[in-house]
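First chain A sits with chain B, and in the next complex the same chain sits with chain C.
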Partner chain A sequence: MDKKIYGLLAEFDTPTQLVEAAQKVREAGFTRTDAFSPFPIHEMDRALGIKRSILPYLVFAGGVAGLLTGLALQYYVHVIDYPIIVGGRPFLSLPSFIPPMFELTILFASFAAVFGMLLLNGLPQPYHPVFNVPRFALATREKFFLLIETVDPKFNYDETRSFMQSLNAQEVFDVDE
Partner chain B sequence: MINNRFDASDFRAPEQIGRWRTLALGIGGILSAVMLIMMLLFPEQRENALRAWLLGFIFWCGIGVGGLGILILQYLTGGAWGVVIRRVVEACSRTIPILAILFLPIIFGVRNIYEWTRLAQTGEDVIINHRQPYLSVEWWIIRAIAYFILWGLMAYFLNSWSRRQDEATTYDEAAKPLADAGKFSGPTLVFFILVVTFASIDWVMTLDPHWFSTIWGFLFVAGWGLSCFSFSVVILAFLSDKAPMNRILGKRHFHDIGKLMLALTMVWAYFNFSQFLIIWSGNLPEETVWYLSRMHGTWGIIGILLILFHFAFPFLVLLSRDIKRDAKWLALLAVFILVMRLVDMFYLIGPNPRIGQHGHEVPFYFTWMDIVAPFAVGGIWLWWFLGELMKRPLVPINDPYLENAIKHGHEH
Partner chain C sequence: MQEVKDSKVVQRELFPPMIKGDHSFATVTDKISDKTLKRKTPLGWFVGFGIGFILLQVFMLTITYLVFAGIGIFGTNQPVGWAFPIINFVWWIGIGHAGTLISAILLLLNQKWRTSINRFAEAMTLFAVACAGMYPLFHTGRPWLAFWMFPYPNTMGMWPQFRSPLIWDVFAVSTYATVSLLFWYIGLIPDLATLRDRAKNKFFRIIYGLLSWGWRGSARHWHRYEIAYLLLAGLSTPLVLSVHSIVSFDFSVSQVPGWHATIFPPYFVAGAVFAGFAMVLILCIPLRVWYNMKDLITDRHLVLMGKVMLATGLIVCYGYAMEAFFGWYSANEFEMFMIKNRIWTGPYWWSYWLLILCNGISIQFLWFKRFRESAFWLFIISLVVSVGMWLERFVIIVTSLNRDFLPSSWGMYSPTIWDWSMFLGTIGLFVTLIFLFVRFLPVISIFEVRTLLPQANVHGHSEDFEENILESEGATERA
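This part shows the complex of A and B:
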């Protein structure tokens, strides 16, 4: 084997076949896997053993950070840097601080959601080896694909290839690096 | 037959409900008798008894009328949660007649609970004299009757379309009432919110003869919606592990209703804070007096408790996906929210000036009747509600969206 490959890609005709194959691949102990389908398949997460995203916790942390930033900003401005008496209120008047604190909570939580999402899913990604397989273009139309990467600790070219063929795959492709 | 899988006889309420019903009537009947005795035979306790009755009435009225609001809302939005919650909120909406009867003590005792009725009689107060065209006892009673008639009509139309759907034999016959209810619900939601606004102003806000707030109606729209969602979660969680609803309800149904509870918890806090911030910033004596009596002493402690346990605690707990998806935990939290709803009503009603005491601060008070009255009103209301719940199948059996709604509940 002289040319370097990224992994093996199996093509399926139906979502049911894909889910069944994904289940068997996970049961065989593969972890560096991925599935491609023209539409979301609800059972896929469990079939491939994909864990729940940590994104909600990032968003929560972002929200808390925004809340504290809003408080700190106003405290610095109104109490430390430039205290002015407005309407006879104390410098530290929490009720009037709450709307900006709320706004910054939303802003920071939104930032955490957008940038956390990009960080976790690795987008934008200008190059991915699976596109080296010409038939992979059908993943956006009518075909279903399952990928096992060579970096998987259980990966062995000949064994994995025959294993994937045994999963009712239409065809198994080498994915060039 | 439209759906061979769904037959009305398979979706009768479980038999335990009949026993619960008798129990509710027993407790409600005895406690209501105690409350009536306190109102009629102990003149020095009459005002406290009426205030406690109003507390209980507004709390349960919030669940019944809130159910009508959610019924209107789900016809407008659609969605699986609306299909599975529909029969519970329909039963809530059919409690309007018993709510009207439970309101009678307030109508007969109006002069013993609302200070403005005394001021209107003596003519000593300039502001009340100015408000005479609106704040007169006769006109107040006519309006109260009008509110119940308007709510009753809304509930009547929506429930009769729903019955027609149950009796349908073809797909078209089943789809038509749904479309009619949808068309009716748009303009009706506007009127519903207006009626709630006027009712909440008449029944609770005028306890303080001078004070006013323009966001008042929305405090009740949000609060009553939250009350009824919480109550429905308790009922659905109770039904979810018994036949026939164990075939219908899935985790995702509770997840969706939990999300709506989270939204309404935030909306409740948002409206309350809006009212507070504007009055606090404006700092005008005619407005701040309401908060002054509620920010000190024991009343002030209750205010802090409301911020912590009516908003912060349910908000943080409801952020959790696992709790929203677990019927038992969500129902437990819903009971907690219902208790806080009652505390919130006590906070709105309690510190208002007593008859003949206008202009004086009200020292903290709490009587045994404030506990008994919510159970008295609630027992009778629940007896009626459970009876209505048993009258119809627990799901809209002919609804074109029913099968999708069931499937949705069991998706990941």
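This part shows the complex of A and C:
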């Protein structure tokens, strides 16, 4: 094994095979693993042991920030910086401040959802070693892949390779660094 | 083995497939992405794009003259100080609402049939909002100062008036445009990755590669992706209801008889969804023929959209009835006069009855299977409904304003050629954008269609089939 590799990638035909393989890989004690599929597979989360993301909390925080921004902005404008009576309403006329507050809540929460998701996923990331495997182009079409990285403490090239082959994989590829 | 087969039969009966034909992951991928990647563009595309592009030039011409001469070129004048620009603004914004309804509300309700139509319905939303935005932008007369509507510290020492529904509108519409764009783009990322991996042309591979942000379908990414997508759907749902409610506040917060009504927000939202579904049908009926996609956008999709149109149309009719009822029930002289004037004594009575014909009578045909199941009739009814919803805004705005409280300030409104050319022009903008979208991006969400195939189910994780279904449904809720 002269060339430096990033990990081993096994190819599967069906989502069921992928989930079963992922489960076995986890049971075998591998931790630096990942699965790739052309669509989300809910069973994958349990099979790979993926922890629930913190994203919902970020979105909630984003929403609260939006609400407070909306309130603070309107309070500053209509109470502090430029108090002027309009329609006989008080300076702090909360009911008419609700629509902008509501819209900013939604806006900030949506930003948190989208950019939080991209940030936590480490995207944009134009290069990743798995793209070096030519067959990996099919991961966005019809094929399912399971990756074990070389940095995994349990990783041993020959043993891991034969283990992955035993999981009903179509083929196992070396992923170049 | 026998048991597995039986459960498949049961599954087919319980959940009839939304995708017709013998498709696999590869064939649905190829079928949808080839429309974009295949070099040969159908002749129909050039015809449609050509028409859109010519009308777009009408738009360019109009706004050039408008900026040069000022908004006096429009027929808008006292007492009808709010005419075509706001009619068309509300019409376009309303059309956009069906896109968000399909992509967000139907997702939350777990309506699988949304999958084949959500992508272009969302695109339709974006383009409709863009067209809508043109009206307030150019009706300001000085579009280069439109940023004055946003609150920012400036040397004039001025702030927007946050107690005004018009400023609420600025916030609602700009938030709506932004969130719709995010929702649409997030949905596109996995499909852009598919296009990147399938493109033969190096230039397009780089473009799609950049746009897909290096998406590789990792299980961890999908996990967060689905959470983000579901949360966006949850956020878009109150958003879409708020947008048209706030648009209706532009009218109902004022004192004008015919506008000052509490029924307005729900009635406007239902009307928006009604008009939007009509537009989705207008777009998808020819699209599925030209692009040979009857297996993905099936007859069942059309029937379901027809039913939504009927339901929302009936809510709108209830709105018309309530408007008339409250005109009488209010026992207010001006309200009663407004209703009479609108329906039979006023100069615009014909527009009211055309509206009832287009929005009230035409949809009654949808009660019958024969019309609901015919793509031709659905298309015709959708066109009629689009005209009807335009008339609704005309009736609300023009008939309410042309008879003011004092007979001395009564007046008539008629649009000028520039009013019409601006309207035609935004239709051109819309058509141009739709055709560009159809040519360069996947019109159907490929990754979501893959999940609809029976092969996408993970078998054997529960002995019992029903438990398996429940389990996967539970997972959808959690994700």
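The working rule: the second predicted complex is superposed on the first by the 174 of 177 C-alpha atoms of A that agree within 3 Å, B and C clash if a C-alpha of one lies under 4 Å from a C-alpha of the other, contacts with A are read in each partner's own complex, and residues count from 1 in each chain.
Simple rule for what comes next: a contact is a pair of C-beta atoms (placed from the backbone, for glycine too) under 8 Å apart; a residue touches a chain by one contact, two chains touch by 3 or more.
These figures come from a predicted structure and were not determined experimentally.
Chemist: By residue count, is chain A touched more by chain B or by chain C?
Modeler: C
Chemist: So, does A:87 touch the first partner chain B, the second partner chain C, both, or neither?
Modeler: Touch status of A:87: both partners.
Chemist: Tell me the contact category for A:74 with respect to chain B and chain C: first, second, both or neither.
Modeler: Second partner only.
Chemist: Touching A:124, do we find chain B (first), chain C (second), both, or neither?
Modeler: Only chain C is touched by A:124; chain B is not.
Chemist: Using the touch definition from the top, say if A:96 reaches chain B (first), chain C (second), both or neither.
Modeler: In the superposition, A:96 contacts both chain B and chain C.
Chemist: Where does A:45 make contact in the superposed view: on chain B (first), on chain C (second), on both, or on neither?
Modeler: In the superposed model, A:45 contacts both chain B and chain C.
Chemist: Starting from the residues of chain A touching chain B, keep only those that also touch chain C in the other complex, and list them.
Modeler: Common to the two interfaces on chain A: residues 42-43, 45, 56, 87, 96, 99.
Chemist: Which of the residues in chain A come into contact with chain C in the complex?
Modeler: The touching residues are 14-16, 19-20, 22, 34-45, 48, 50, 53, 55-56, 59, 63, 73-74, 77-78, 81-82, 86-87, 89, 93, 96-97, 99-100, 102-104, 106-107, 109-111, 113-114, 116-118, 120-121, 123-128, 130-131, 136-142.
Chemist: Can you tell me which positions in chain B touch chain A when the two form their complex?
Modeler: It is residues 273, 276-277, 280-281, 283, 319, 321, 411-412 of chain B that touch chain A.
Chemist: Which positions of chain A touch chain B when the two form their complex?
Modeler: My answer: residues 42-43, 45-46, 56, 60, 87-88, 95-96, 98-99.
Chemist: Which residues, counting only chain C, touch chain A once they are in their complex?
Modeler: 24-26, 29-30, 151, 157-163, 165, 167-168, 171-172, 175, 178-179, 182-183, 186, 190, 193-194, 196-198, 209-210, 213-228, 231-232, 235-236, 238-239, 242, 246, 249, 447-448, 450-451, 455-461, 472, 475-476, 479
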